[in-house]
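Beneath this line is the structure, given in structure tokens, with notes to follow.
Labels run A, B, C and D following the written order; every chain starts at residue 1.
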Amino acid sequence: MSKYLSKLTSPLIAVILGLVVGAIIMLASGYDPIAGYGSMIGGIIGDSYYVGESVRTIIPYILAGLAVAFAFRTGLFNIGVEGQLIVGWLAAVWVGIAFDLPRIVHLPLAILAGAVAGALWAFIPGYLKAKFRVHEVIVSIMLNYTALYVTNYLIRNVMTDKLDKTERIADTASLRSPFFESITDFSRMHWGIVVAIICVIIMWFILERTKTGFELKAVGFNQHASEYAGMSVNKNIILSMVISGAFAGLAGAMEGLGTFGYAAVKGGFTGMGFDGIAVALLGANTAIGVVLAALLFGGLKAGALNMPLETGIPSEIVDIVIALIIFFVASSYFIRWIAARFKKGVK
Amino acid sequence: MEYVIEMLNIRKEFPGIVANDNVTLQVKKGEIHALLGENGAGKSTLMNVLFGLYQPEQGEIRVNGSPVKITSPNIANDLGIGMVHQHFMLVDPFTVTENIILGKEPSKAGKIDLKEASEEVRKLSEQYQLSVDPYAKIADISIGMQQRVEILKTLYRGAEILIFDEPTAVLTPQEIKELIYIMKALIKEGKSIILITHKLKEIMEVCDRVTVIRKGQGIGTVNVNETNPNELASLMVGREVLFKTEKSKASPTDVVLEVRELEVKDSRGVSAVRNLDLTVRAGEIVGIAGVDGNGQSELIEALAGLRKSTTGSIKLNGKEIRNLKPRKITEAGVGHIPEDRHKHGLVLDYSVGENIVLQTYYQKPFSKAGILNSKKIFEKARTLIKSYDVRTPSEYTPARALSGGNQQKAIIGREVDRNPDLLIAAQPTRGLDVGAIEFIHKRLIEQRDAGKAVLLISFELEEIMNVSDKIAVIYEGEIVAIVDPKETTEQELGLLMAGSKRTEAGGKQHV
Amino acid sequence: ACGNSENDDKESSNGKDKKDNFTVAMVTDTGGVDDESFNQSAWKGIQEFGKENDLKKGKEGFNYLQSKSDADYAKNLNTLVREDYKLIYGIGFLLAEAVGEVADQRPDSQFAIVDTVVDKKNVASINFKEQQGSFLVGVIAGLQTKTNKVGFIGGVESELIKKFEVGFKAGVLSVNPDAKVEVKYAGDFNKADIGKSTAGSMYASGIDIIYHAAGGTGKGVFTEAVEQKQKDPKREIYVIGVDSDQAKLGAVPGTDDNITLTSMLKRVDVAVKDLSEKAKAGKFPGGEVIEYGIEENGVGISDTKDNVTDESLKAVEEWTEKIKSGDFVVPGTDKEFEKLGL
Amino acid sequence: MIALAAPLIFTSLGGVFSERAGVINIGLEGLMVIGAFTGIVFNLMLADVFGEWTPWLAVLAAMIAGLLFSILHAVACITFRADQTVSGVAINLLAVGLTMFLVKLIFDKGQTDRITETFPRIDVPLLSDIPFIGPIFFANGYYIVYIAILISFVVWYVLYKTPFGLRIRAVGEHPMAADTMGVNVTKIRYAAVLLSGAFGGIGGAIYATIFSNEFNHATINGQGFMAIAAMIFGKWHPIGAMGAALFFGLAQSLSIVGSSLPFFKDIPSVYLLIAPYVLTIIALTGFIGRADAPKASGQPYIKGKR
């Protein structure tokens, strides 16, 4: 237990430092930080509605964070989560609309479609890296834009007749739940949270408990030694991207089947893929870490909406605070250094 | 007496370990002073303190009698101290000249004056007979030349005191000879040298005095002409060491490995191994002797499945295994102690335990239905750590934190424990101390005696002569001679390795 | 149903005078309240409504909530419901789904949506006949092009933007059958660089007047035209603005020139204010689609007309009459346009 | 037509500096944001004072702002041994948050006012008359594009011909070797990261001045990542990065010009939209092949650690 506690100390200090610096910025620009944070917290857990909405916000952050973290753990930088998320979203919605099935089949099928689409989209950079040693970072950046334009085209020209969004998915494919709605006063909290938690467990399990995870991590650490030990480096690179992409696709599916219930033409990126990088890194690329980071990240983002309405403070202050927290976590050496000083001083 | 360097009562701690404890080292002008100790004894640490990379917690350093504080390599350079590091400090994509002038570049109007620099490098290399190609890229030159570049780096900065940290561990016998010649020349020019080496023969040959440290403690300094290798070894290890590994006569039986007319191309597409024939029987150790770069690496890689061969056949127990996947070869019964333990042997970020099952993790009992059984894995690790004397805080410690010797022991434990029919050992003792070497040789001979076939590849003639039952000499990718270690001499082997075929052998022979 | 207890809490703490005020609020799309486009225009309408009815910005008067992503629409709408605003606007067609959903959840609240139709009995849909305004600027372009080539740059291809495109084309061709209209979509409402390069390639191909319906992307069109004019002041190239009077985007620095030919006005402010007043008077047109066209002063051309010739102005007047009287129906879709046979 | 390349060139050159010294800079996007913000605000506030020189001075101001902002990245990565990717991500978030916060504070709305002083357009005499190539490369262009190309040669000279460049590259490949040779690894890395900040700032300012004429949250929208792609595409080489940036610019403008060429007319526009990105992937796969990052990039240098 104390081992976990000590692991948590420096992120915790980072969070506190981030909030403090945020408060200083608010003070310096003539706002009341207590009112500011108060309204933010109100927007996160103010009442059951906000709790529900905060949970909903966190779902895609967890999954996008898992996607980035999984790739990182196996030595790859999947900056293409954004694109995989977009295609996963569309695929899930497509299945949600196109089929007429009982819920027990339809919903899992739609979720699976999202995962598969994301996985396939991530397969491309994985394959190109394995086969041609092309840097996965550029390929996935390029595929982000490609995903954006292609899905927009599909929505407008294939799934609809020049409309901006698809029709709504069938109820049998929806993650929404009257139960959650009733306890959270019509928030859009949905069953995606369960999917996200299952994925957290899956990621932990694959990496820590299976031979596949053993191989994936080994290839990430040292390709030469892995090859020597009889592992297929190429297969593992591709597999890692595919699993990562599946998580990303699921993040999109959660949006498509839960939050929105349709897919719309997008004017630009959702940003969730990039936020996923921050979540993963903040969570030290571990499954549990990602959950905690997503809680923090999603919570702050959800609460931020409330700030301008109640206090007039620009919601960007929350982005600043989040960035600072990430900074301080990254510079944990600095925090440890300060802590050591502090301890010495006390002695 | 005049000392150029005095390190008095040096203490250096790392978190949780005292690497140097009250060590004193005094170097006279114009001498070659050996620093001797087991792996992890604290030799490199002491030298890094002298070179300004580490700050000692305690103790005093004097250069030419006056106390100094060496807080950075820059200051060491200014004091005339140069160091050739155990792991070369060369920038691979740079040219020889660029590496030498880095940090002290001659320039004209802000532009590096490469012409002048190369000229200076050429002059230096002539003066000290350190032949290098100033325009070659480091990545393209031999280890021997890389080392000469390292030496030139220190001379370019006007070093008077040179530190060599295990310079011979990576060199071929020829290169070692050259290096010894160079060191003697440097002494004649008035330089002083501190030499770290595990090879007692070298110490006896070139050094004037030797300081021994054991487990971080200074044991003392002796004059080389008043001692002998046995005394040095026991000073260093703290017990008697046997040099000649005891072994009975080999009794080879069935053919285990049979290589016929093998051709392997290197990364540039040139044949590195050609028309190679080789046979290893159960119950014998075949040593491959040869100068580095004669196709040994490519041969091993082809045998292990890490590199595709173009023609020929490789049979293991009569079954063709050529160009199979590494895993298939492993499963067919080949064990392999790789040449480069950091690159191929270990996943340094994995724990010792995980490294121990690096090839067997997917088999029972370590995993079942794709799920790992960490209890079984670490149980196995504990057994091997114990029986192979791997010194590690625990089986959960990352392999990175182990010393080279202990990393090597873990690898050997892993390979031997799989009980392969053929064990390929490539440079198994490179950079290890005499105690560790003794241990490893014993294990190899045990394998032989258990009826296994062992293929040993080494640049150390002494090792080859001591351990092998049969020596195959490789030259330009071909086995040019097979000799019996009891009937040959180092001189003869040296000649064969240099490409002069034995007259009476009359061409190529099959083994 | 379930949120009742919460609402009770709020009301008791908020005091009672709240009940007397007719409070209004709006949720912007991701463009934000100061997008120099329809969000801003809608906010202007709400502010004017507030001023005329002595309301203050805040919970007891009028307010807006900004959306940072698509996912925020429903949440913002819901937040405003919980704050008990009497009339809540969703600005822009992007909010359609969210408005529909929240309207179902909160049958007692009144909503309005701009630029699209949400068929719910507690939602009023505000639509504009953009094709009519676009037609008028098309007439001007058709008459004033020297090269007989004009261009249209749309943001993202959609039903809504189609109305601009088709109306404009019809306007140009009605007065100048020889003219060619080149149509391009940037694929994005927020990519000034694409707008700029697209305009650059259009001007290079001999097009001299470009009409844009592309939001932020359209700003790039202005930039390109201004820079080309700066380089070669004799060059006669123009941009037609959209939504509001965009003349200030077209000023050529250091000169009195302005490359804005005119702008197609879409008076979201007029519509929003008008609807708010109706609702305040108890005549909330729930479930209806209210169309604001030329007749309702909902669309038109801008007051800045320095670059418009008298001949064009006369033509505009004539066509305005024809449209008002119903003699001419401006097409709003490709199909209608084809039927016109221009 | 290739104006789009100018900001990419500058920013990717910044990336080359930083990564050559062994510090990954995912934060280029954020540095561009800072540059764009500073460039626009400077332009708005001082246009009356400096007249037509304003955009040029604004770029200088943005350069300084980018440089100052990159100190954060340098301190985190070099002194505090932060994970370089994490720090870069934080830089990106912080840049957008901070600038938009300031925009709201200063302008009380979601974007700045629009600038009026922009870069002049030019035709390169003679060259602009060459058929086909002329209109794309030399007509209606900006000085800054040609300056960008020129600067990439200057950067090449600095990196490959001067002591400073040699040290940068050494520090990125093998910092410990450089350290033992008396090169101050920390100082060199700081210098390189600050240079990348300066270049990123320039890139952002140019982008905003040429294309958006104002600053808002979407002004810099992925260009920093495109610059990173250009840097990798160009194999961490200044000329290569410049070439890749030009390629992106060209591919982008082809997708715009293309739709009016007769041959492309009937192709659904989506193909033209994705063309630049797909072409890049094909180019990388087909003939550019693998590229290796500087060996030490991503690792903080800790004295004595192996």
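Following the convention adopted for this analysis, contacts are C-beta pairs under 8 Å (C-beta built on N, C-alpha and C of every residue); 3 or more make two chains touch, one makes a residue touch a chain.
A quick note: this is a predicted structure, and the numbers were derived from the prediction, not measured.
Of the two chain pairs examined here, A-D and C-D, the one linked by more C-beta pairs in contact is A-D.
Ranked by how far their CA centres sit from the centre of subunit C, the chains are topped by B. Centre to centre, using the average C-alpha position, subunit A and subunit D are separated by 27 Å.
Work out the mean CA point of subunit A and of subunit C, and you get 35 Å between them.
Centroids built from CA atoms put subunit D at 45 Å from subunit B. Among the residues of subunit C, those touching two or more other chains are numbered 66, 187, 190. Residues of subunit D in contact with at least two other chains: 218, 221, 269, 273.
Along subunit B, no residue makes contact with two or more other chains.
By the definition given earlier, chain contacts exist for A-B, A-C, A-D, B-D, C-D.
Of all residues in subunit D, those touching subunit B in their complex are 161-163, 166-167, 169-170, 173-174, 176-183, 295, 303-304, 306. On the subunit A side of its complex with subunit C, the touching residues are 47-49, 53, 56-57, 149, 152, 156, 162-165, 168, 181-183, 185-188, 255, 259-262, 264-265, 267-268, 270-271, 304-306, 308-309, 315. Interface residues of subunit D, counted against subunit A in their complex, comprise 72, 75-76, 79-83, 85-87, 89-94, 96-98, 100-101, 104-105, 218, 221-222, 225-226, 228-229, 232-233, 268-270, 273-274, 276-278, 280-281, 284-285, 289-291.
Against subunit D, in their complex, subunit A makes its touches with residues 25, 29, 77, 79, 124, 128, 132-135, 137-139, 141-143, 145-146, 149-150, 152-153, 157, 268-269, 274, 277-278, 281-282, 314, 316-320, 322-324, 326-327, 329-334, 337. Interface residues of subunit B facing subunit D in the complex, by the touch rule stated above, are 48, 51, 53-54, 72-74, 77, 83, 85, 87, 89-94, 98-99, 101-105, 107, 110-112, 153, 157.
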